[in-house]
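We call the chains A, B, C and D, going by the order they appear; numbering starts again at 1 in every chain.
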Amino acid sequence: MNIFTALPDLAELAHQRLDPAVWAFLSGGAADERTLRANTQAWQDLPLWPRVLRPLSGGHTRVALAGRELAHPILLAPVALQRLLHPEGEWASALAAAAQGAGFILSTQTSVPMQRVAQAVLGDAGRGPLWFQLYWQADRGFNQALVQQAESAGFEAIVLTVDAPVQGVRDAERRAGFAPPAGIHAVHLRDSPAPPTTAGTYCAGLPAHAPTWDDVAWLQAATRLPVWLKGVLHPLDARQAQALGVAGLIVSNHGGRTLDTAPATASVLPRVRAAVGDQLPLIVDGGIRRGTDVLKALALGANAVLVGRPLMWALAAGGALGVAQALRLLRDELEAAMALTGCRTLADAGPELVTAPAYHRE
Amino acid sequence: MNIFTALPDLAELAHQRLDPAVWAFLSGGAADERTLRANTQAWQDLPLWPRVLRPLSGGHTRVALAGRELAHPILLAPVALQRLLHPEGEWASALAAAAQGAGFILSTQTSVPMQRVAQAVLGDAGRGPLWFQLYWQADRGFNQALVQQAESAGFEAIVLTVDAPVQGVRDAERRAGFAPPAGIHAVHLRDSPAPPTTAGTYCAGLPAHAPTWDDVAWLQAATRLPVWLKGVLHPLDARQAQALGVAGLIVSNHGGRTLDTAPATASVLPRVRAAVGDQLPLIVDGGIRRGTDVLKALALGANAVLVGRPLMWALAAGGALGVAQALRLLRDELEAAMALTGCRTLADAGPELVTAPAYHRE
Amino acid sequence: MNIFTALPDLAELAHQRLDPAVWAFLSGGAADERTLRANTQAWQDLPLWPRVLRPLSGGHTRVALAGRELAHPILLAPVALQRLLHPEGEWASALAAAAQGAGFILSTQTSVPMQRVAQAVLGDAGRGPLWFQLYWQADRGFNQALVQQAESAGFEAIVLTVDAPVQGVRDAERRAGFAPPAGIHAVHLRDSPAPPTTAGTYCAGLPAHAPTWDDVAWLQAATRLPVWLKGVLHPLDARQAQALGVAGLIVSNHGGRTLDTAPATASVLPRVRAAVGDQLPLIVDGGIRRGTDVLKALALGANAVLVGRPLMWALAAGGALGVAQALRLLRDELEAAMALTGCRTLADAGPELVTAPAYHRE
Amino acid sequence: MNIFTALPDLAELAHQRLDPAVWAFLSGGAADERTLRANTQAWQDLPLWPRVLRPLSGGHTRVALAGRELAHPILLAPVALQRLLHPEGEWASALAAAAQGAGFILSTQTSVPMQRVAQAVLGDAGRGPLWFQLYWQADRGFNQALVQQAESAGFEAIVLTVDAPVQGVRDAERRAGFAPPAGIHAVHLRDSPAPPTTAGTYCAGLPAHAPTWDDVAWLQAATRLPVWLKGVLHPLDARQAQALGVAGLIVSNHGGRTLDTAPATASVLPRVRAAVGDQLPLIVDGGIRRGTDVLKALALGANAVLVGRPLMWALAAGGALGVAQALRLLRDELEAAMALTGCRTLADAGPELVTAPAYHRE
């Protein structure tokens, strides 16, 4: 693999290596890509206030999440069809995640069987959580079967994606003429209706089979696993989910791939945290590129973060090794950011890290 | 016609196909084109807040306007001399509008006789409204004759343009040396004074024959058709029009073609809605390029939107078929935006869609 | 002369024609040219609110200034050494100003004798005011002699420049190595110390001979002409000048040529107007390029505007004819802006033209 | 040396002359260089309000600092390994500083022995202060030995850097592959552990040996010299330092080299001044490029400023002479800025210089 010094560098390495249509599928966003760009920009625009001369001895990046202690708060976001990026696909990225102590969320549209991914990961004592992401299918029975397979395979939570009742306006993908090549497909969806993220035409009539709050309740009853919702942005939706007893929320705009001009997750996160109080676990994704971004996310109330595209660029550029190096680099940057803001542990990271102190004489 | 994936793509297709001076006439704006750019930018800058897991079954894009139910809230803006863009001119764009259930407003400066346009459209049961736009002429008798022709031809409303008492500072047009070629002219204005949108010198002394509020009252009395005013931006003007009993207002800055640095319509619309209350029909135009823009317009109080330049680019690029495809695409994007914001119908679209929820714990 | 459609176009025409060092002298600003750019930008950033359907018949651009009625509110700013730009220098620009009814302010550093300029102008019944700009010289006697020459020659006011106690940081000029060529010099300063705008080193020790408030009082006593101050930005300085009984103020930052990062005049003008009340005449300059800019200046409280660089570009590009055409164009644009904002006369232009109306329902 | 007209010009001159890796080491910042750019931008974005007609006679740039009167408020920031830039390194820059009456802070990582630097400077009666910058080393004894050497050599204060407990994310440096060439090293650190600013890997575990508040107290007891802290941004840290009785603070974000997205020093300075009251000496650095920047810093509460990169560019471009010319130029610009804002002395520079006066009629 080529050398890289920071996650943003991986974009160019992956771009050179991938088919242009696959690149567009992976890295593009909805419509004019305003939300895609805003996600990254919003983290960078937040100021981070240094603190000095605090005791840092014994510091670490460990966090508690879902009843476990994780080595650090970084998880891999669910991404479809990772064999488009590297022959070993989800198997390689899951392996790298486990090696670096990072959690891993497998997409419904995985191109490697979920059992094979689970086998690669479950034996690693240092691994992070292993979760299964669910795209709601019109047939409840099919959903149930998928979830049961995931349970049997050893997955530890179900992550229901709620922000994609229809395909977004994927202009970049359509301009590039993206279609999965023969031999790479969503292995668990072979006999099911076309999944929502397959390129194609828009909704013909508004979708009648998108999931609703009732389906969330059904899903909670249908599995013994904790159920997370992914794609909640509005504080009122967050409260409704909380009232249903979900395990946690992933504050996400689907990486800017569905509704263009949806607000950046960095601007939404503190509103959601304020709405749900201190106890409900929140994970945020969208635009995280730097250790400083991770620290800001935790300062604004997230318990952990998902990283998607940059780690997929790493997969394309260097397979499992690339993903592992990128994760290590991001965690190193997080450690540096903690030291420079006087945080011995991530419990020290509160909103005051990203808030200008009042300008006043006392 | 070349393939396009979104309305903004049509600009380049049309640019390649059109004479540079015609391109400048169609796509340019006043002076430094600040308002032209601000119109587009302002819609994009508005955030759109997703909502999730709501029931979407049976959803649709229908709206009520002027006593009818329309399939969707998109109408074609009046544009002069469309035969400059395509040999079939207004006939083609009106046909496409009807085929897609879109309303159509014919310009005073039509290059196809109004009767021929009306015949193409009136027999289509699925068509939207057919209205006639009026540039006030110095001679009241001439205005009356034009309006009577429109009534006889089957037009259903008169849209009086009030924001162009003088020609704007059309630098782009003048730099390109635009003049209509022989054989393409405003067919209903052959014997009248030069219309305000013909390129030429500015006002010599301020215009003595621009329409006034008294002329609006005269026009209302002179026709049995409802009278709309197009080009109202200031809330006080909107109230004055409301007091005169106009049928509705088109909130517009003439597509950035008259007064440069006039505010973007997206920023003005909520002020006008607040000024006139809930009942007066409002249509907005200027910078609408995406289904998300249409949804934002309705969220801010518009009952419908006009689209001008993008559909004219489509006319230049592909004739009636191009216009129809562009309309279909815009409506598809609107449907996707509705689904992603949890709107089953457009009645669900209120200001909260574009307003950040309060940041507070309760 | 080449054709131009708007004043900004003249920059390129002049740039092509002038020696690079003269171009830098004319068009450059202080240091990083932040104020130079901010001046232009600030006018453009102000919104202008259209009003419709108002009676415009009998409208005109006339204003009262200094006890006279002027055809329009545009005056030529004092600019040094205009023979650098065109062989006929100040004589040509003054002639063009008079032909267009524009006022003219002759610089202390004129390259044409003041008497010759006055003779060209005074006989024209339609001319605007003819004023003499004074750079304070260390020797009071020399100042007195200059002012007496101006009185005798027929100049009607003295404009004391107060914002240049030292040369600005003229990096553009210095990089270009500007020095006036042989044969072009400040004709009334031949035997005096080097004037402040000659390129050279900065102050060696802070300047001991810059004018003070006492010198203003002395000047008022030393001449029978009204005394204006040019270069006042701070409201407290404006009040102090008002207390001394000056004839009026020119709100100016010397066209961005002295103190870089000084605020744009468009942002300062309303503060100065608020500080001095309604009666004291105010003229503003800096960045005026469009008729809309002129209208905004009057809306914010100016009685008239000065235009400098654009008319000097016109002088370089086309001599007296160029200046006259540029003035006519600017006035035409002003008329169009008035019509589109419903101003029959400039007395109708108040702060509400550039202020967003309140967003409320009543 | 090539001619330059302003400090920003020196960047290009140095860039041409230096090895690309050395250029990256000198001029790069942390991560995406947001703070690096923000530092410069923030000074430029502050408006500076001119004042006119005030008496300027006898004006000067003198300030009191640390019990002395300095000719002007500009000091050279500590920069490591200056022999990378010029064979004479710190000796040349210290000599130039003394010749121009500027203070000089020698880095712990000096490439010229501190005794040789001190000898070059101490005999110059017009010189500014000579201080020694300390990077805390894990071994207290080593720190003590360094400080005692500095005392013996004649240094007059110790400046403890507190904002670099870990190396920043120096991507520019790492991309360029920077490593000091043979023969240029930190002469006083030969036998010590690798200093924090040497390129290398990040913290492996959070740093156990970074200095703490207790170490500051130890250092104050261990030396008879006044102790300054460099790298304080947060007002609460400033107060804690004040409570410990430090001699003064340097408000700094390490020139954007440690924590990217830390706020610009221009935005932080007034908060720190408000927190510590009027008495504690404050110096600010980061992004100072112009005399107007220096004046703004003093207006916002600084007693003096440090300048780093621009003077190092001057060292690379022209050795001691280059540094001296750059200092003279900056001081000349400061004088011009003072004259144009009506400041006879720097005691006249208060917050009102950079604050828009209220907009009101009285």
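We adopt the following convention: a residue touches a chain if its C-beta (ideal position, glycine included) is under 8 Å from a C-beta of that chain, and two chains touch if they have at least 3 such contacts.
Everything numeric in this text was worked out from a predicted model, so none of it was measured.
Common neighbours of subunit B and subunit C, by the contact definition above: there are none. Distance from the centre of subunit A peaks at C, each centre being the average of the chain's Cα atoms.
Counting every residue number used by either copy at the subunit A-subunit D contact, under half are found in both chains.
Work out the mean CA point of subunit A and of subunit C, and you get 59 Å between them. Spacing of subunit C relative to subunit D, judged by their CA centroids, is 42 angstrom.
Under the stated contact rule, the graph of chain-to-chain touches is a ring, a single cycle where every chain has exactly two partners.
Pairwise chain contacts in this structure: A-B, A-D, B-C, C-D. Residues 31-32, 34, 162-163, 165-169, 171, 174-175, 201-203, 205-208, 210-213, 215-216, 229, 231-237, 240, 253, 258-263, 267, 270-271, 274-275, 277 of subunit B are the ones touching subunit C in the complex. Residues 5-6, 8, 44, 46-60, 290-292, 332-333, 335-341, 344, 356-362 of subunit C are the ones touching subunit B in the complex.
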